[in-house]
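Each of the next two complexes has chain A plus one more chain, namely chain B in the first and chain C in the second.
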Partner chain A sequence: MILLLGPAGLLLLVVFAAPLLHYAWLSYHADSVVTGLEPVLNHGANWIRLLQDQRFWQDATQTLRFALVSVGVELLLALAIALLLDQRWRGRGAVRAIALIPWALPTTVMALGWRWIFNTPYGPLDQLAHALGWPSLNLLASPAITWIATVVGDVWKTTPFAALILLAGLQTIPGDLYEALRLEGGSSWVCFRRITLPLLRPYLALALLFRLAQAFGVFDLIQVMTGGGPASSTESLALYAYLNAMRFLDFGYSATVVSGSFLLLLGLCLGGWLLSLGLSRPQRQQEV
Partner chain B sequence: MPHQRRLWIVLLLAWSLGPLLWQLYTSFCSDQALVAPLAATPERWTLAHYRAVLNSQPPFWRYLLNSLFVGTSSTLLTLVIALPAAYALTRLKPWIARPARLLLLAAALFPYVLLFLALLEVARSLHLGNNLLALSIPYAALSQPLAILLLTAAFRDLPLDLEDAARLEGMRLWQRLRWVLIPLIAPATTSTAILVFLFSWNEYPIALTWISDASLLTLPVAMARIAGSSIYSVPYGAYAAATVLGSIPLVLLVLVFQKSIVSGLTSGAVKG
Partner chain C sequence: MTSALRRLQPWMVAALTMALLVAGSMVWVQARPTESVNILMPAPFADATQPLVKRFNQEHRGRIRLTVTRGPLETEAISDLAISSLLLGDTPFDALLMDITWVPKYVAADWLQPLDPWFGPEAMAALAEGVRAGNSINDVLYRWPLVASMGLLYWRTDLIDQPPRTPQELVTISRQLQADGRVPWGYVWEGRQYEGLSCVVLELVHGFGGFWFQPDQAAVGLNQPQAIAAVAWLRQLISEGISPEAVTNYAEPEALQSFKAGDAAFMRNWPYAWAELQQPGSAVRGRVGITTMVANSGDPSTATLGSWGLSMLRGSAHPEATATAMRFLSSTESQKALFLSHGYTPTAASLYRDPELIALNPILPQLEEALEHALPRPETPLYAQISDVLQRDLSASLTGQQSAAQGMERASANTEAILRSAGGTP
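Coming up: the complex of A and B.
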């Protein structure tokens, strides 16, 4: 029986475990054009550089900001969409399929589409602003707000997935519960507060965890939509690691950036988990 | 209530389709119309962008074929490996199966982008670059966690008696899987296959670093190349035409398999 697991286990070891170990090893080596692209042990120099690297910490905050805002907006939208798609009405199947389309398209395809929509001065948004007599939004050229444009692109693309997970949760809630509460005179808001939300909590947690981890690794969207600019104001950790390896050919430091990002993500998950424990405990007592 | 609901449905449709429809509109606009959308231009509509995309070197359909090839081979490889593993997970003792499932969940959550650098080194040392078939190895590996979790959920739903009966008939493990168990979980296999296919079709960072030969690019990388060719002037008209052409297969796929995708993800999420 264990033999059947063999190929899958091997593949997972090679693709998940080995790279992580390799990164940990490489992060203690200099491996760049200077060393002739050969790894040379430099002890903790990379890690000291990482701790002092302003760009790394700036990217870490930006990535975190991007992930938190985009996942937060996404979950709210996804909850609304899931509630809508869970009700029975004519044409629901077709609307479900259409709502899934953004998620099914390659990120790079629409990343450039968004660049065109946010284009100054020819994009539709700027045209609209112009027609209304407003100043140009200049959404892709001002370091203070360009990240909002990337959030819009991410929310558009990944909300359907979160909505699907929440829809799965809604389908597990028996309809009798609502009927019982309604007989007692509960309004739809009371039903939502007392039945939907508590029973949906595990699915919200799953969607949150999944999307937060994925948003933390955001790469495609940023690389194509803004290239990390303007003035690296939208650069994510994954993009920084990519640039270190592919543009600056500094593989040792790139491995350090990846390892550092991984540790940050681990800390984030741990923090989120502890937070959810703290949040769920009083709630559980209330339900009892 | 119905009126209110209709409003929400319209909003949802506008939000989901709006950006795509704008690309569709752009793809038929001549360049003059694009830079002056409100002014009266003599030649507003054109097919020039589509002609440019289809006659470019290599032609656009080449990328579609490449993606189709990678998607199909990755999906097959994923299923061949994940089906036995998922079955084993449902038959193993809980003290192995439970930690294994947790590890799989962690791997499924892991942002795989962080792995591209090490995978690139593997590709270099094993000479797997510029090979579409080789690309299906990392894709199959990255798809394993989700595929195994979804298929395990399906195997667990099958009654144990069924397998016992097949065993009494004298069927060996391989035969039981091939003729009894795997056919019974066909719906879950279909939805898993679609998800893996979508992932492989859309994957970007690994394809970007493994493939450099222009005639072997997959669709997402080819699209990004158009964007990266110049920061200041992207040929938006031609790009919009490419978006439309590149979206058609996926839009069809989603429309046809909507039920399968929803039921696959929902049943997996319920039990996972």
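Coming up: the complex of A and C.
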């Protein structure tokens, strides 16, 4: 039986474990133009540099902020959309298909679109503000606000994906559960609280995990929309790792940034998992 | 078998023989050594050189086949593509159209082939003086300039008679024009956190009498009073409303858009913008002049040099054929064609005095003058790093996160840290 797991296991090993191990190995080496692009063991100097690298920690905070806020907003919106699309109404099929369009667009293309929409003073948003007599919004030029603009871009693009997962979850819930509760006089809100939400929890967790990991590795959206600016206020860890490798040709340190980000993400997921365990335990007892 | 043979008709035999003959002759033609040369260029250059490539292939039929690979549009995306292929070894490209700032890095990575056997001192002497710098490392030539480019100050001839020469003049004129309601903004430039910002600041810092980084003396000049004054001046432009606040997210297209719409009196941009401003849709068509960047009196007016040039990659299997193609593409005739069709600023000195070209494009003498003021960015393999940390603190200073002095102090310290950690000098 265990042999049957072989091919899948091998695939995981080659596709996931091997690159991670390679980066971990490379993070203990200097590998840049200074060393002639050859790895030279430097005994953890990269890691010491990483711990002292203010920019790494600033980027880590910014990436975490971006991931948590955008995934949080996405899940709320996705739940609302999934509930809507789960109801029976005329034209639902068409709307379901249309709702997926943002997800189907290439990120780079829509990031260019957002850059245009948020453009000051020629973008439509700024034109609207102008027509209303407001001052220019400067959404992409202010370190305090620009990250929110990137969150908007991300939410718009990825909400359909989360909605799709939640919709699939909703459709696994048997309708007679609702009927039974209704017979006992349960309102819609009670139905939602007592049936929908608990039964949807594994799907919420799945969407959360997928999206959190994805948002934590955000690159293309930021690269195109802001290039990490202004004042590096939107730079993500992936962007920093990319800069080190492709621009600075410092592959050793880039591998350290990647490995460091991986450890942070691992910690984040572990934390989330423990949290979800703590949340679901009392619920299980109730069900029994 | 025999029955099949017996069924062969004479016409079938004839057709078969013909087919064999044709196939054989094709193999014979292909067996003659045609060397293929592949050059990677950013998309606009690849498109612009198409007619030249066609002519080259006609002239060298059967000997060299030149292909130009159409790369991405953005400068850094081209570098990423080239570097990826070089890192994997066995690059499909024989040559690369390179930005001037990449040369030291590529040479340090040992990716480029010396060009001295093909481009000697007499070829160098035919180049305009401003484009000679930045192509050699330790007196070995690695890049042959094809298109010159330098920072220019665009101004509106319908608003003023003479362009400002000093930063103070630019501010005074802008304020006056804005107060009179003749133009919403005084000056638009590239303030986004990216390479263009480093270009803006390099020429301005020199115009204020300072410097950025001198690799030969390993001196960082960012925390000197002159450099701080230059950055403080840029911040002042924003805080006083001479430049829009959004300028801190402007790259070249945004600045051009604003100036082209008639919304600004001055713009900092590269030579390509001239042709764009003369398009039918432009609100300032025929009302634009160019000059060099403002500088304090007594300090040098400076233009950041931003040229493109051809470099041969080490992996090239056909260096001789590649050099032939490079020589053809950078010949005076080719440069003339590129200037006429796409406005690409030539690198050959003789073209700046070509009466035919001057008649067609009146800004050529000004471009030549600007080229005389051109200055390359710091020539070091660590350029990408030191430019990146500068952009970071510049952006923070321009958006009011920190003062110009704080920002330049930090940028200076960070630059020195990079040089130290890489084993460079300070």
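Definition applied: the second predicted complex is superposed on the first by the 274 of 288 C-alpha atoms of A that agree within 3 Å, B and C clash if a C-alpha of one lies under 4 Å from a C-alpha of the other, contacts with A are read in each partner's own complex, and residues count from 1 in each chain.
The rule is short, and it goes like this: a residue touches a chain if its C-beta (ideal position, glycine included) is under 8 Å from a C-beta of that chain, and two chains touch if they have at least 3 such contacts.
Predicted model, so just to flag it, every value in this text is computed and none were measured.
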Check your understanding: So, A:P7: does it touch chain B (first), chain C (second), both, or neither?
Key -> first
Exercise for review: Quick one: classify A:G227 as touching chain B (first), chain C (second), both or neither.
Suggested key: both
Practice item. May I ask you to name which of chain B and chain C touches more residues of chain A? Key: B
Check your understanding: Between chain B (first) and chain C (second), which, if any, makes contact with A:R49: first, second, both or neither?
Key -> second
Check your understanding: Which of the two partners, first being chain B and second being chain C, lies in contact with A:W189: first, second, both, or neither?
Key -> neither
Review point. In the superposed arrangement, does A:Y122 touch chain B (first), chain C (second), both or neither?
Key: both
Review point. First (chain B), second (chain C), both or neither: which does A:S142 touch?
Key: second
Point to revise | Intersection of chain A interface sets (partners chain B, chain C) | key: 119, 122, 227, 246
Revision key, fill the gap. The answer for chain A against chain C in the complex is residues 32-34, 36-37, 49, 119-122, 136, 138, 140-143, 146, 226-232, 243, 246-250
Check your understanding: Considering the complex alone, what residue numbers of chain A touch chain B?
Key -> 1-2, 4-5, 7-9, 11-12, 14-16, 18-20, 22-23, 80-81, 84, 87, 89, 93, 95-102, 104-117, 119, 122, 124, 127, 131, 156, 160, 164-165, 167-169, 171-172, 203, 206, 209-210, 213-214, 216-220, 223-224, 227, 238, 241-242, 245-246, 251, 254-255, 258, 261-262, 265
Point to revise | Complex contacts: residues of chain C adjacent to chain A | key: 76, 79-80, 83-84, 87, 105, 108-110, 192-194, 244-249, 254, 257-258, 261, 263, 381-382, 384-385, 388, 391-392, 395-396, 398-399, 401, 421-423
Study note, to complete from the structure: In the complex, chain B touches chain A at residues 2, 5, 8-9, 12-13, 15-17, 19-20, 22-23, 26, 34-35, 37-38, 81-82, 84-85, 87-89, 91-92, 100, 107-122, 137-138, 140-142, 144-145, 148, 198, 201-202, 204-205, 209, 219-221, 223-224, 226-228, 231, 234, 236, 239-240, 243, 246-247, 250-251, 253-255, 258-259, 261-262, 265-267, 269-270, 272
